[in-house]
Amino acid sequence: MNSFGQFLRVTLFGESHGPAIGVVIDGVPAGIPLAVGDFMEDLARRAPGAKGTTARREKDVPEILSGVYEGHTTGAPLTLIWRNEHARSEDYERLKDIPRPGHADYPAMGKYHGYADLRGGGPFSGRMTLALVAAGVVAKKLLQAVSLEISARLVEVGGENDPKRWDALLDECAAKGDSLGGVVECTASRMPVGLGEPFFDSLESLLSHAVFSIPGVRGIEFGDGFAAAGMKGSEHNDPLVAVPGLTKGEGTVAPAKNGAGGINGGLSNGAPLLFRVAFKPTASISRPQQTYNCRTHTQDILSVKGRHDVCFALRTPVIVEAATALVLCDLVLRDRAAMERPF
Amino acid sequence: MNSFGQFLRVTLFGESHGPAIGVVIDGVPAGIPLAVGDFMEDLARRAPGAKGTTARREKDVPEILSGVYEGHTTGAPLTLIWRNEHARSEDYERLKDIPRPGHADYPAMGKYHGYADLRGGGPFSGRMTLALVAAGVVAKKLLQAVSLEISARLVEVGGENDPKRWDALLDECAAKGDSLGGVVECTASRMPVGLGEPFFDSLESLLSHAVFSIPGVRGIEFGDGFAAAGMKGSEHNDPLVAVPGLTKGEGTVAPAKNGAGGINGGLSNGAPLLFRVAFKPTASISRPQQTYNCRTHTQDILSVKGRHDVCFALRTPVIVEAATALVLCDLVLRDRAAMERPF
Amino acid sequence: MNSFGQFLRVTLFGESHGPAIGVVIDGVPAGIPLAVGDFMEDLARRAPGAKGTTARREKDVPEILSGVYEGHTTGAPLTLIWRNEHARSEDYERLKDIPRPGHADYPAMGKYHGYADLRGGGPFSGRMTLALVAAGVVAKKLLQAVSLEISARLVEVGGENDPKRWDALLDECAAKGDSLGGVVECTASRMPVGLGEPFFDSLESLLSHAVFSIPGVRGIEFGDGFAAAGMKGSEHNDPLVAVPGLTKGEGTVAPAKNGAGGINGGLSNGAPLLFRVAFKPTASISRPQQTYNCRTHTQDILSVKGRHDVCFALRTPVIVEAATALVLCDLVLRDRAAMERPF
Amino acid sequence: MNSFGQFLRVTLFGESHGPAIGVVIDGVPAGIPLAVGDFMEDLARRAPGAKGTTARREKDVPEILSGVYEGHTTGAPLTLIWRNEHARSEDYERLKDIPRPGHADYPAMGKYHGYADLRGGGPFSGRMTLALVAAGVVAKKLLQAVSLEISARLVEVGGENDPKRWDALLDECAAKGDSLGGVVECTASRMPVGLGEPFFDSLESLLSHAVFSIPGVRGIEFGDGFAAAGMKGSEHNDPLVAVPGLTKGEGTVAPAKNGAGGINGGLSNGAPLLFRVAFKPTASISRPQQTYNCRTHTQDILSVKGRHDVCFALRTPVIVEAATALVLCDLVLRDRAAMERPF
């Protein structure tokens, strides 16, 4: 099913070159100020245009179909759509029988018995993340009420962690018709203590579930991550120390470092949430690749034309933030249900 | 919620030192041969006893409370319980006010307002994975019908990938009262094409959701994983080639290598599923650690006594297999619902 | 949440006088022939126009936003929308502070803190059933594959079960500015045996869940229904008899009468499904009614103007069919998942 | 699936003559005082013993397997089991091939391919309602925090609404080896305004879903119920009037009568919830009935021996209360999540 969340339930729909893509967000409380303009900053962060991203441009302005009246949410499901324009389907026409390496083309043919609308990637297209980012905007608005802030940024491009060298790498790679991957790091500050469940809805479970729905993710790690597997317990464990408050007598307990990424036993421990996401290089490259022609039943050589990001990871930090916001918002709502007084 | 799965729905319950732990598995078809003996092989793989694992021993034989009659499943929910014995709660008594670094103690106090039964780790205990492994046994049985096979093994201990050196590492670490982590690799062969959904139930989303519910996981990566972020598209993409069948005219298409870990666009592509899981070092160590005494409100030094694995990762391959089996079984059932003829 | 179904998941959205209403249907198998024209027959059955129904007319032609390509379903979520036109909001403007008796106005104010868009009934409007009927069309298409047929009809208007007298009743009632209720009977033939679950998803549970989401339902009863409470076991029990097949040796067992409405123990028993639904009289009447003015804080007298059905029950049989189809389709898919061989 | 609820999630398991029946209740907040004794009053109301009920007696004392520590809920899933004793399976042995009219025997054979454990009714047994009543006890405890009170009572036995005549009816019917049905009326007072959703989780939808999972229900109606279908709008609509508060300036608006059963547009309107449930006569009767022998393939005559209620409806009010409590508790938790400040 194309839905996520129990309390804030997001359903994506649409195909890249069909009439429209969109999202239904159910569970949004009534009375939240919301207008089309609220979405534009995050949608712009996701938009192509910078070096290393596709030249395809859509007017990313959503239409609000339901759930907003006189500038506030109504409490009914919030629905946003984006009409698909400027799609150059002819780019993709000849790919019909020739599945592109690294794409969903081949498994999608099997799953949907050849009926999927795979033009432009169809429901697998990165374009679907427009709707995800918009849902994230709503979730972030709700999280503002508990002062929770999420921030993601690119920390590695093509294996290089020095941003000064990224431009050169991108240029070099574009010239060769090839592509690059990257790593995004995400943090969330002012986390409440206790978000998550022991089984099966650990905080890592829910975050990885949401993050792996972003196309092109190959891995996720929390805190010390894979490096933790090579550490001693005495190195990896986070000592607990007192954090003095502003006023005498106030204060709390917190980990002295953050090897756990802000999570113990599947629950947030009050430290900042910290995780990294590995994005693969863009699958569509103009360099010739070996593939199989399912019509002629022969091996074939494919050079993917069209407008593609050299490194789509450049556009993903705001998408990772959105996925994170959906999870945290859902858990904060769950928390309000279960734990507040008078129970 | 402590449940997982839509079509095969697993609910875990229990606390490590309470009366019992157990599992309800709903959605098991009627007529599957099943007896207590079927669980023992996998439960033995999870049991302690080898070098580097705890000396605590439980009789891990489950009692079947419902769902089996005259040696076959009845179609009603299958319920298994394990009574908790041999628990030495005195080991944990003094930890009540002193949260152990690397454990759920501190966030659980916050989440459950001090009412959680945290003796022996309570609902966060590794003991809960007994129930997970048993659920995995049932899922594997169902997957046999489609010839799907899952296999996980330890590939790294304490940063070392040569198994010949693990014994020495474990001895050395045990002598110092410290602990080690490890990496588990899991594969599944004879995968059907098309398991998973574009959004939000990608195959990686569901697998990582299940895997991160295992205590102590710090990261997961599929195929080339984090290394993919440093590769070119031309290196990471898997070329598609013809795989000849046994008879003339038969055959299929498959990736020539497996950088994608058997998944494209969130769907299984027919190649073997391949992923790695990073486990942190055991949190409980006898080496003194800094923590905070919540009763005396002073910094304290803690040396965790009791029986603990030097490297609990040694016991996890069968648990990773179980988590994987739950996901794949759920998706195969979904697949049968959605895609078979006559629709 | 505004969703229903596990395997065929329907999400309604929209408000009567907002930009649009619509529906997302997730879980539709790929390859089903589907076009806008397929919806028109059932939408016409729901449309106003006959005696006793409102004169308000909308172009009920849906736009398909996603999930259909080249005349077939793609397997991705199917989304339909209807733009709202011809809405005369001024009719409702003065009702803002004066909740209409029998309507959701008053509880909706409380639930949504005054932010709900209640123009024309908002998300509570009977107009929402357009989307429900359309979802039913898709479900019926899927049920055709197992030859299952659903049929609902009006059996009572204003307490009168002789259709020859309904016209006169409607005229008389309209003249007085008053309204009438009615009873709809629904049957489904060629039911498979065993649809439903013992707890909590009995066939009656799921059907009543779906049916009570139709605005204005006051009761539902299966088979002998409320009369069963006054019967002896020897009267109400359905004897089981052999039903001979067309060929020698063939045949099956079936109830000799249908006091159980085709359901025993929450499971379909192979006999036709049979239930009745009581619809209240239309709440909006021009006859003066007592209500409370929440702005002036005084009792007030309200005469609801605008276009309203004298008896909206006339338009509901196709809606009851749709609700029934959603449930049966979901259960047939569940059945295919759980029970077919090779498990 | 054998589960109900989103926020307070109840899963029933067990078979009447298997080792045990039980229930897992997930989502119970930590810190609620709870002991075995808390269940006994409601379990006693459900127990047989009065005239017209079965002589079978079980020790209905549950064992708490998890979720309670030192007299309070821990926040982890709460699990209760009841061992099955005193079962006289020989009573049922010969019924194996002869489905009992009015029972789940026949459809269960089809659904579970002959593997169901149907001894004593198996998972369809009225005994399963023990677990439902216990879950209701927990839900009622939670509802006490919002002062919500639920009360159900028998209002009709064998078509007779004068309680003075019930004893004679029961005696007469028992003497003939026959059985009687009944009607239960349920009310809930101090209802918050706005519980429920427009689609598909109307308050009636959720209540009927839960109530129809009780074995033997044939119908449900809210407020004026089926009679509403024969009323005019001017008769059925509930006028809205001011309800003065205890202090000057306080007060609220409420319906002047309760034809809607406390619900408008699927939402609670603040008036008491009011509905009636029709229970069929007990299916098991000693009077000879016609049935089919699936082994000999001939018509057969069956006289059901064993211990059965003449009128099981006598034992159902506390079960209806439990089903109602589960729904209202779930909605109150949802309400707390969605609507409370600071959102």
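For reference, chains read A, B, C and D in written order, and residue numbers begin at 1 within each chain.
One rule holds for everything that comes next: a residue touches a chain if its C-beta (ideal position, glycine included) is under 8 Å from a C-beta of that chain, and two chains touch if they have at least 3 such contacts.
Treat the numbers as computed from the prediction; the structure is a model and nothing was measured.
Trainee: Taking contact as defined at the start, I'd like the list of chains shared as neighbours by chain A and chain B.
Mentor: Of all the chains present, those in contact with both chain A and chain B are C, D.
Trainee: From the centre of chain C, which other chain's Cα mean sits the farthest off?
Mentor: B
Trainee: More C-beta contacts across B-D or across C-D?
Mentor: Pair with the higher count of C-beta contacts: C-D.
Trainee: Quick one: chain B and chain C, Cα centre-to-centre, how many Å?
Mentor: For chain B versus chain C, the centre distance works out to 44 Å.
Trainee: What is the distance, in whole Å, between the centres of chain B and chain D, each centre taken as the mean of its C-alpha atoms?
Mentor: The separation of the two C-alpha centroids amounts to 37 Å.
Trainee: Between chain C and chain D, what is the separation of their C-alpha centroids in Å?
Mentor: Distance between chain centres: 25 Å.
Trainee: By residue number and range, which residues of chain B touch two or more other chains?
Mentor: Chain B, residues with two or more chain partners: 1-3, 6, 12, 27, 30-31, 75-76, 111-113, 123, 198, 339.
Trainee: Once bound in the complex, which stretches of chain B touch chain D?
Mentor: Touching chain D from chain B are residues 1-3, 9, 11-15, 18-22, 24, 26-27, 30-31, 63-67, 69-70, 72-79, 81, 111-117, 122-123.
Trainee: Okay, in this complex, where on chain C does chain B touch?
Mentor: 6-7, 27, 29-32, 75-76, 142, 145-146, 198, 333-334, 336-340, 342-343
Trainee: For the complex, which residues does chain A have touching chain B?
Mentor: 1-4, 6, 10, 12, 99, 101-108, 110-113, 123-124, 128, 132, 156, 158-159, 173, 178-183, 193-194, 197-202, 204-206, 208-210, 212-213, 215, 217-226, 228-242, 253, 255-256, 260-261, 264-270, 278-285, 287, 289-292, 294, 297, 299, 313, 339
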